[in-house]
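A, B, C, D and E label the chains in the order they appear, each numbered from 1.
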Amino acid sequence: MLDVKGLRKIYQRGFINKEETFRLEANFKIDEPQVVGVMGPNGSGKTTLFELITGSNQPTEGEVLCAGQNIHDVKYRQRDRLAIHYHQSYQVRHFSKTKPSFMMEKPVSDYPMVHLFDEPQFNTQDGYIGFMLDFFKRLRADGRLVFLCVHPNEKFHVKIMREACDRYIFVQKGQLSFADDYDTLLENPDVMDYLGALAAY
Amino acid sequence: MDVILNLLPHLVNGLALGLLFALIALGFMLIVGVMELINLAHGSLFALGAYFAMSIIDPNLSYFGSFGDWYSALPLALRYVVALALAPALVALVGMGLEICMRRTYGKKAEYGLLLTYGAALVIEETIRITWGSAEQVMPIPDAVSGAFFAGGMIYSNYRFYAAFFALFMIIVVWLFLEKTPYGATIKAGAHDSEMVRALGVNLTRLRLLVFGLGASLSGIAGIILTPIWGLRPHVGVDVVIPAFLIIVVGGIGSFWGAVIAGVMVGLVVAFSGAYVSEWSMMSMYLLLIVVVTFRTRGLFGKKSALEN
Amino acid sequence: MKSPFAISTPVFTRPMLLMFVVLGTFPLWGTSVGLYNYLGVEIIIWIIYALGFNLLLGYTGLPSFGHGAYFGIGAYAYSLCQLNVFESVWAGILLGAFAGGVAAGLAACFLSHRRGIYFALMTIAFGQVFWFIAIKWHTLTGGEDGLLNVYRGTLSLGPVDVSLKSNEALFYFAFAVLVVITLLLWRIVHSPYGKALQAIRMSEMRAGFVGYNVWLMKWSVFTLSGVIAGLAGSIFAIAQESAYPDVMSLHASGFIVMMTLIGGGFVSFWGPVIGAIIFFVARDFLGSLTETWLLWYGLMFMAVMLFKPEGIAGVWQDFMKKQKAKSAATPTSQTPKNSVAGE
Amino acid sequence: MRNFTSKLMTGAATFAVVAAIATGSVPATAKPLLIGLTSDASGQYANSGASDRRGMLMAIEEFNAKGGVMGREIKTIHIDTETTPATGSRVAERMITREKVGFMIGAVSSGVANAISQVAQKYGVVYLNTNSSSPTESGKNCHRVKFVWDGNGKNFAQAAVQNAVNKYGKKWLLMTNDYVWGHNTSKATRQLAEAAGAKIIDEIMIPQGTRDFSSALLKIQQASPKVIAAAVGGDDQKAMRTQISQLDMGAKYAWINNQQDWPDVYGLPAKNLFGVFGTTWYYKFDLPGVEEFNAKYAKMYPDTKMKVPGNVFFNGYWATRSLLEAIEAAGTTENHAVIKQLENLRIPAATRMQHDDAFMNPNTHQMQQTIYLATANLASKDKDDMFQIVAHASPAAVNDASSNETCKLESMADTPKYTP
Amino acid sequence: MAFFEAKHLQKRFGDQVVLEDITLSFEAGQLSGIMGPNGAGKSTCFNVLTGQYKPDGGTVHFDGQDITGLPPRKISGMGIARSFQIMTLFDEFSAIDNIMIALRNTVTRAFNPLYDLPGDTTTMDRAADVLAKVGLKGRELEQAINLPYGERRALEIGVALASEPRLLFLDEPTQGLGVDGTARLADLILELKETYSIVIIEHDMKFLFRLADKISVIHWGQVITEGSPEDLRANEWVQASQLGEVA
């Protein structure tokens, strides 16, 4: 479904003495519809990863195949038919355009295959969380791939992650590590550091 | 090739003219953008700036004795620079006075504010007439920027290019002020959401006073720069306020670069129509407006504004 | 049973009759208070113009800053009719009204989906374009000099012919037109159309959702006010015996806005009437006293905008409200309070 | 109660007297003669209007000093015509019907003059157009009651064109203000220039209200003519002059500017006064009486900005003086008699301080007078001495023949009688 | 086909996508609710359904007719009325005039200058009836701007009712109302439910759970779940939040 092949994004500073400020590397493949939980400290590269997958950010190297199609070859306005990035509650599609749209391909799907939820707002007072979790499940049941990025700072955030996700990705300093269930994830000492007191829940 | 050689001077001229038009619109834009208020006194403040500057450069100092002699003996360029600094400040004071009057109209129909400034325009213009007389006057300019030069077989006026560069300079200064300073940030926030500004603990009353003063002084600067070209007479302001208004609308209310681009467009349209269909040169900018606003409701780069209601 | 809230609109009201009586007898008392008949003629003409204009500004809330154009076009149409077609006052003013309406209708096609500042500026642009045309089309309009020697003709009223040569005769003619226009506009503002115009002023979006064709309403009211401006313009051409482009200028267009607002067009049907009278009397009076009448008029205007933006009609209404509050002991069965209902 | 009644009675009596004076029913041998001054006090021509008015007032002052006209003191009333024709009409109506003026004097803008003269003709009030120089004033729009005192565009063109073709060359370009006055003037210039053998290579239209002449000036440079005849007036001309002098183009081409009114240029740097232009009078004429005239001006107007009289003043003065002299000669203020006197007016050169005798053309009601060509006096140190007269032409040489054809005066019979 | 049906609606503002893919249907005689967290696109959805915005994609059908992209006045003419979240009453009119101007009868005679609107007894009676229906009897002559908040809300609904709609859309009617006001509004809506088909957009879950026959939850510009109030209430998070367990 989603094939991230040798993806690398390097940010540099300075014109003459180029100094690398940030590097993100990812290389993975997901075949089954599932809900993937993404965690990691601020600035670790979560949002950059999402942007690369939805095609709104141009990778330095590598490619993203979504339902077999290279997302960077798809017309800008239609890339969201493959992968869609939800910023909290709204969606912004902004692309740095490298070539005119008419030279590009049409998407193979008409409803997004990959849904990436970037820190959705979970408000406990109103109970909408339940509907959101149901929605993730429904997407998975419909054969979609869901990424759910949460930055846990409340107990119930941990609960959501445990309840909703099938697999986990932990991002730190541009490096991705994978875990097939929550307990495996906790075995990673970096994760324990990151979660701190919340790791107990 | 000949065609290009023929067109080129008009293109250069149009760009220079466009920058001047943009300069004219700058103060107007600031006030419209932040306060959502059409300042019809803009033209009168423009004229006032020029009159102040003229009086500072070449004052009647017969009552001041030796100070007067000393001052008159100063080089013209120095007096000009003094005028360029002082006259806009004086206009800003007048503008602030007007803003204090305006306060009574806040929260009422937008037309009331607009019409109040219309009344103020009449009053300022008539006051100028009483103070300086209605005759044509000449503002002296330093030798450094007067005269003319040859280029490609054509004569160009030094002053016009000085004025265009000055306009460009002012545009950049205002842009840097808006973008790169905390004041600018507050002003911009005020333009989008006055509630938010108040919530942030900014003194909205003072912000408006500041913005109006700033806008007025920009009008004054435009006056000082432009009257050596257009001439100085009490009703010179009328020639200013309509183009300014028009440029803002073509550019789109609330858009800084929209106004600048619209100014340049107006300049080009006026310059080319003036050269090739001169009878229509005065009308061309109105036709431009009708065309632009017919196809783009909010001008070129306009955002939604309370002034639409 | 009759609904307690239905108050049928009378054809005549007290303020209306008061205005008719005061203005209609002007030639009898005008000179003794230092005015003159010709001034009366101009005042009547501008009242007609301002009443039509207020339908747009006060009722619909659409500020037009280029309305002088339609007034001027009316004057040109009248003059052209007299000079080139045939000398008939009736044909002339009908043509004037028609021409004003056509020009306004044309402009309104571009204007009617605009609002606020964009609307205002587009009206300026169209006003300027018409003004330029008037100055540029020398062969038709006489350019800057205008059309001259449009001698006042005779008005045929069935069996009788009345010469409009004297200012007095012209005054009564203009007054008769004013009476007709007033009755007509009074009727219109109390019809669903007039109410819907006010509704559009208060919330254009809501009016659309209620089911009104807002575009058509705005178009028609602009055109209607253009027709009335053209009519007033053609009477102006009779009075002046000529048609000049100056009345089409931005400056002159500003005057109509000023007089409508000073009088209180936003809050009363009668605002423009008061405003036009004050404007002309003040202009005539100040113009003979000082060379800077605009300074004094400007100050007066600023004072009104600062202290009573609802204009003189607003002052009057406040005064009446206070009077009413004083005698509040007796319950009143008043009309539903409307903003521009016309107290 | 008694007190009140008596007050009321006195009030009524006073009112009756006032009313009687106003309507003129009290017989008085020395009833003042009221003259309405209609010069513009605001708008584009405010400045010229003021100068115009000063001229009229000086003439009136002279007459009042010697006991008025026919023993009647002369009083004046001035109402601003705002440089707006519509206001001109209203002011004229007011002056005649309310103020009951005997005569009206003053105009700079031809539009206002037209408006006033139409009203004046309706009532038969004699009106002097002092300073409006549109050829139509004494042509198409002439009236029996109106007399025009300034030279018009055609007169000036006649004086200048032949001269310029000979002196500067045959490649001409016209700059025309895009309205009636500009068109008429340019048309006259074109005819005369072509008759003199010049070739008009282009005509650039300048819309009224133009403030920026850069594109027109670039166009001129591209065309590179020898002579430029500019019929550009009012504020447009002021802006144009400034911009031309900024480009130093004033000296590069021969500029012919139809006419230049003194108040419009007073105080401008001499550099802005390039080219040749027409005028009717200059205060530095070496003619008898000029010095006394200047001295009288200086005495009467010590505080004005303009220290010396100019052509607008001159026209205002002479129009008024000639009118008052005509009344005295006619022995009555009755309009038909005064009109006849004015139609036969002849003023010797020596009296009028010009080089030729001046006379009224009875067919067009335009004063025929010497026309002068002037240019800037760059050598002068005196800031008042701005002009330098380069030539003068007699009335016959600059006669505007076409007016004789286009002007159709109303007959005397059609002009209502009016006796103030 | 349902009484009112929207399929695959999409709406963007520049780069921002507000409606991703909305499919909704409302049945006649029912009260349907649309709810969702703040900023979920509810209001935009509402504006597209009622014709204020044209959708970038998708269709809207009402009573078998395609009304996609029709201007508000046409939609209104077909029998759909709406209230507004930010209140847009005719402020300077009296309460009864607000109703009067919105009556179908008035709208159809908009260009009849001879019709004496303020003097028409039937019209005024009908307007008074509408006011009575929304509980504003006795407030007829009050200027709309002078009415207290709750009454303005009621008048909002009254204006919508005046056009005798077949389907009534209410945009966040409880916004700004206190507990008391909300309760009274609920009573009013329950009454209206007898005669009208109603769609309500609401943030307040409890309010909708009490009134609606069917609720659609909107988030991220799409319908994330749908069902009867009972179904939705069964969700454990909803229950927990209502019991105040998670906080």
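Here is the rule we go by: a residue touches a chain if its C-beta (ideal position, glycine included) is under 8 Å from a C-beta of that chain, and two chains touch if they have at least 3 such contacts.
What you see is a predicted model, and the numbers here were worked out from it, not measured in a lab.
*Asks:* Quick one: which chains contact subunit C and subunit E both?
*Replies:* Chains that touch both subunit C and subunit E, as defined above, do not exist here.
*Asks:* Is the structure still one piece when subunit E is ignored, or which groups does it split into?
*Replies:* Connectivity without subunit E: A | B, C, D.
*Asks:* Measuring between Cα centroids, which chain is at the maximum distance from subunit A?
*Replies:* Farthest chain from subunit A, going by C-alpha centroids: D.
*Asks:* Based on Cα centres, what is the most central chain?
*Replies:* B
*Asks:* In whole angstrom, how far does the Cα centroid of subunit D sit from the Cα centroid of subunit E?
*Replies:* 72
*Asks:* When the C-alpha atoms of subunit B and subunit D are each averaged to a single point, how far apart are the two points in Å?
*Replies:* Chain centres of subunit B and subunit D, defined by C-alpha means, are spaced 36 Å apart.
*Asks:* For subunit D, jot down the residues that touch at least 2 other chains.
*Replies:* Correct list: 42, 46, 178, 207-208.
*Asks:* Which residues belonging to subunit E are in contact with no fewer than two other chains?
*Replies:* If we look for residues of subunit E contacting two or more partner chains, we find none.
*Asks:* For subunit B, write out the residues touching at least two other chains, lowest number first.
*Replies:* 129, 279, 282-283
*Asks:* For this structure, give each pair of chains that are touching.
*Replies:* In this structure, the chains touch in these pairs: A-E, B-C, B-D, C-D, C-E.
*Asks:* Considering only the defined contacts, which subunit A positions touch subunit E in the complex?
*Replies:* Residues 80, 84, 86, 88-94, 111, 117, 121, 123-135, 138, 156 of subunit A touch subunit E in their complex.
*Asks:* Quick check on the complex: what are the subunit B residues that touch subunit C?
*Replies:* Spelled out, the residues of subunit B in touch with subunit C are 38, 101, 104-105, 108-112, 114-116, 118-123, 125-127, 129-130, 238, 242, 245-246, 249, 253, 279, 282-283, 286-287, 289-290, 293-294, 297-299, 305, 307-309.
*Asks:* For subunit E, which residues are in contact with subunit C within the complex?
*Replies:* 50, 52, 71-73, 76-77, 81-82, 84, 88-94, 96-97, 100-102, 104, 106-107, 109-125, 127-128, 140-141, 143, 159, 162-163
*Asks:* In the complex, go through subunit E and note every residue touching subunit A.
*Replies:* 15-18, 20-21, 36-41, 203, 205, 217, 219-221, 224-225, 232, 235-242, 246-247
*Asks:* Report the residues of subunit C in contact with subunit B in the complex, numbered from low to high.
*Replies:* 63, 110, 113-118, 120-122, 124-126, 128-129, 132, 136, 204, 250-251, 254, 257-258, 261, 266, 292, 294-295, 297-299, 301-302, 305-307, 309
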